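Look for chain A in each of the two complexes below; its partner is chain B in the first and chain C in the second.
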Partner chain A sequence: MSKFVLSVLVENKFGVLARVAGLFSARGFNITSLAVGETEDPDTSRMTIVVAADEKILEQVKKQLNKLIDVISVQDLTEGEHIGRELILIKVKAPDTKVREKIVKVVDTTGAEIVDVGKKSLTVEESGDDHVIKALVELVRPYGILEIVRTGKIALRSDSE
Partner chain B sequence: MSKFVLSVLVENKFGVLARVAGLFSARGFNITSLAVGETEDPDTSRMTIVVAADEKILEQVKKQLNKLIDVISVQDLTEGEHIGRELILIKVKAPDTKVREKIVKVVDTTGAEIVDVGKKSLTVEESGDDHVIKALVELVRPYGILEIVRTGKIALRSDSE
Partner chain C sequence: MTKITGAEILIKMLLEEKVKHIFGYPGGVIIPLADKLYSVEEIKFHLTRHEQGAIHAADGYARATGEVGVCIATSGPGATNLVTGIATAHLDSIPLVAITGQVNSSLIGNDAFQEVDMVGITRPITKHNYLVKDVKDLAQVVKEAFHIARTGRPGPVLIDLPVDVQVNTTEFKEPSLRKLKGYNPTCTGHSGQIKKIAKAIEKSKRPIIYAGGVIILSGADKELTRLARKTDIPVTTTLMGLGAFPEDDPLSLGMLGMHGTAYANHAIQSSDLIIAIGARFDDRVTGRIDEFAPNAKVAHIDVDPSSISKNVQVDIPVIGDAKAILKELNTMITKKEREEWHKMISEWKKELPLKYKDDDKLRPQYIIETIHDMTKDKEVIIATEVGQNQMWAAQHYTYTKPRTLVSSGGLGTMGYGFPAAIGAKIGKPEAIVFDIAGDGSIQMNIQEMAVAVLEKIPVIIVILNNGYLGMVRQWQELFYDKRYAWTVVGGEKGTVCPDFVKLAESFGAKGIRIEKKEDVKKSIKEALKAKGPVILDFVIEREENVFPMVPAGKSISEMLHGLA
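Moving on to the complex of A and B:
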């Protein structure tokens, strides 16, 4: 089983997400991440799906996706160069000023940003590829992670040589 | 109809996404955005769902979500302060060096970053709230947008006063 990255352009219509999700679940595929957002055209949405699957069966799913009502196009970004990014928000324990200062220092060594300061917590935001995200999580883990929210990966074909 | 932000913690199990999406589509709700990613615990995922809905019916959906197998908790982040962020990748036309330099200058005035340089295009990455994302799209629109991918919003309860 390998991980695949699919970019699926769909009509922005009611029920299309349920149909796409249903197609994957009917095949027993576990979706690692899914991001659905608006595109330039208000009538369409783009889904970026990361899925662990057997290559042969995935080929069938891609064909079936193409046949679904409201699916406009299916792009497999797994092969070839692509730009893959995701976003994470991490709420970290920060019970006092001393700890808070320590976390701020640690976060300053990365590209991450502190986006919320509470009495007992700090919230850190970072975007990047899998490695960047994983590194940040490990960096703040010792302070105690209260909550993590991730967007899942979005991806575009790279045009660089 | 108002826009609601729900944060749904689920068991990382097969079919749960299809069940949640099915529940919304059965009610005729149009999901504006959906982001599903791993959390700190490899056995759970968190879905952030932005949905336009009638408040009364949404209350019923929240109850039904709570009853679904593999749904651990449902948080409504609509009321009260929350940190909401999303990520966007925009591929912009850049046919020659002159245009490329112009776009680089424009992007430099924002917090955005150029993450891919092709012979005929540039790819710009930005994270932020709705307003930041919208402003960037408008800023690069005159150059010609080739492709947009967005993650959809993720959100956390703010702890600041």
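Moving on to the complex of A and C:
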């Protein structure tokens, strides 16, 4: 099974998410991530779905998605250039000032930001493509990760050559 | 402007859609609608005895007439009783609008009395569904529902209607279909692709047309016949496609697949080009998929892109309405004769015809053939239940016109035939309507006899009574060492349970039991004269089997023939 990125433009109505998700769950596919939000037109939303699936069955899912009345269009962004971004928040163990300073230094070398400072933890925020997110997670992992939350990928097709 | 209630808006829209018949059953939250509909003379309401009967009747009405069938049920159990019927229509692409009552919108999600999430339950078995939360949306929803049900690949649409939305009032605003951004059913096919099919036909030595129910749904039977006759291509149909091509035409191979004719299966296996039209390469048709038609190029015409290359890899796909595409294809073809190919086929036909033991015993195949012989000059609709009765009805009746077979193909719903026959008869009162049934399946919706009697709907129920759930018993005989687990329904030999003659009489209908072959014609003649419904209870050879048969999971070249 390989990973696919689908961008699905849908009607901004109740029940649409369940219809879309149902097509994946009915075939036993786990959605890796799903991000939904309004578009430039408040009547429509865009869903970015990352899913691990068998290619032939995914082909069928794409056709079934297109059949849903509330789905306006389906783009497969897996192949070809696209801009993909995700936001992550990582809560890292920081039991004392020494460790805290180390983490701050490490984070400073990246584009990430410390957005919350607790007595025994720091929360780091980063947004970027898969590589940036993965690199940051690996960078802070040695200090002990307490919690991670991610938005899931959002993506648009690239217009640059 | 004056304000009107949700129920009144719904009725206004139903009248606009020219709905003449509704099948249904009442309950608490649908009373406001029932009350308004009560005084509408243009729409006849048929009160069934079970919601499943209502939806199958609406389905039978739709299949017989080509119009959208409409049924209404209340919330909760009334609504869930529609589920089997919705799935039945969904798998066979039948246009239906099912309206269910729902609890007051302020109570939704509270586990209120008779509340179920009907939109959630029916999401995977409808073409689309709606929960109407505001009376202002209702007209728009009904307009869309009918449009979606009947266009593209047709299918069932459900409207869940809370009781408060039925009584709330608003000004009526003319709805518009422009709001459906995500729904553009493709209509005409791509000319370049159609040209490719024409070229493939020109080149092919052993082409075959494999036609499905879509020919009937899109009214493309004339175009299909023209294509086949001009290019001299034999035609086999699916169960749903029976009637799409006249079976008395020499080019007809009848049905293919698990219980198809041997010559249809051999022909498709030996073909070098399959022209599939509105058929979906179902597992009952293809048998073992990797051994299906190994040398054939596949052209596939279908309105639903998701049907293309779903089961079989397609070489020439054409998306669009079958009728429009065949019309265009017919302008590109040239006259052909295929002597060699037909010689091969006629040898199979001679060697392996559909046959049964024609002795003095009462056999089901004889009954079906006799019904055909006695009524072939008249307008007839054959409804069926599911199982051996369905397959014998498919094999031994000669279908020559579309919309003459009403049968649950995709879902295989036992209990479908009788209510569907009632719906078909209401839609086509001039037709003689038979329900070919087994003694098992007829018991699943026999309660609808009350409707048939009270509304004087003369449907003829032909029970092929063998005391078994015959199709499962046949599998047990052939593959499970004759261990008849769970399949004996009629009691021991010599006893009857139930007594279908008395059962018919208890409803006020006519019932005749037939035990001898020589009484078959007489009984059918009597049934044809009756003014109301009739049960003909034929006590047939108990262990008669449906042949030919392709065992599940085998290639369709490997047929069991039964008779040596």
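Everything below uses one rule, namely that the second predicted complex is superposed on the first by the 161 of 161 C-alpha atoms of A that agree within 3 Å, B and C clash if a C-alpha of one lies under 4 Å from a C-alpha of the other, contacts with A are read in each partner's own complex, and residues count from 1 in each chain.
The rule we apply is simple: a residue touches a chain if its C-beta (ideal position, glycine included) is under 8 Å from a C-beta of that chain, and two chains touch if they have at least 3 such contacts.
Keep in mind it's a predicted model, so treat the numbers as computed, not measured.
In the superposition on chain A, A:114 contacts neither chain B nor chain C. Residue contacts after overlaying the shared chain place A:99 against neither chain B nor chain C. Contact with neither chain B nor chain C is seen for A:132 once the two complexes are overlaid on the shared chain. By the touch criterion defined above, A:22 lies against chain B and chain C together after alignment on the C-alpha atoms of chain A.
The partner that reaches more residues of chain A, of the two candidates chain B and chain C, is B.
Using the contact criterion defined above for the overlaid structures, shared-chain residue A:35 touches chain B, although it does not reach chain C. Common to the chain B and chain C contact sets on chain A are residues 14-15, 18, 22.
Residues 7, 12-15, 17-18, 21-22, 24-25, 28-40, 46, 48, 83, 85-89, 91, 115-121, 123, 125, 127, 137, 145, 147-152, 154-156, 158-161 of chain B touch chain A in their complex. Within the complex, the chain A residues that touch chain C are 10-11, 14-15, 18-19, 22, 26, 44, 59-60, 63-64, 66-73. By the touch rule above, chain C contacts chain A in their complex via residues 119-120, 123-124, 127-128, 131, 144, 148, 180-183, 304-306, 308-310.
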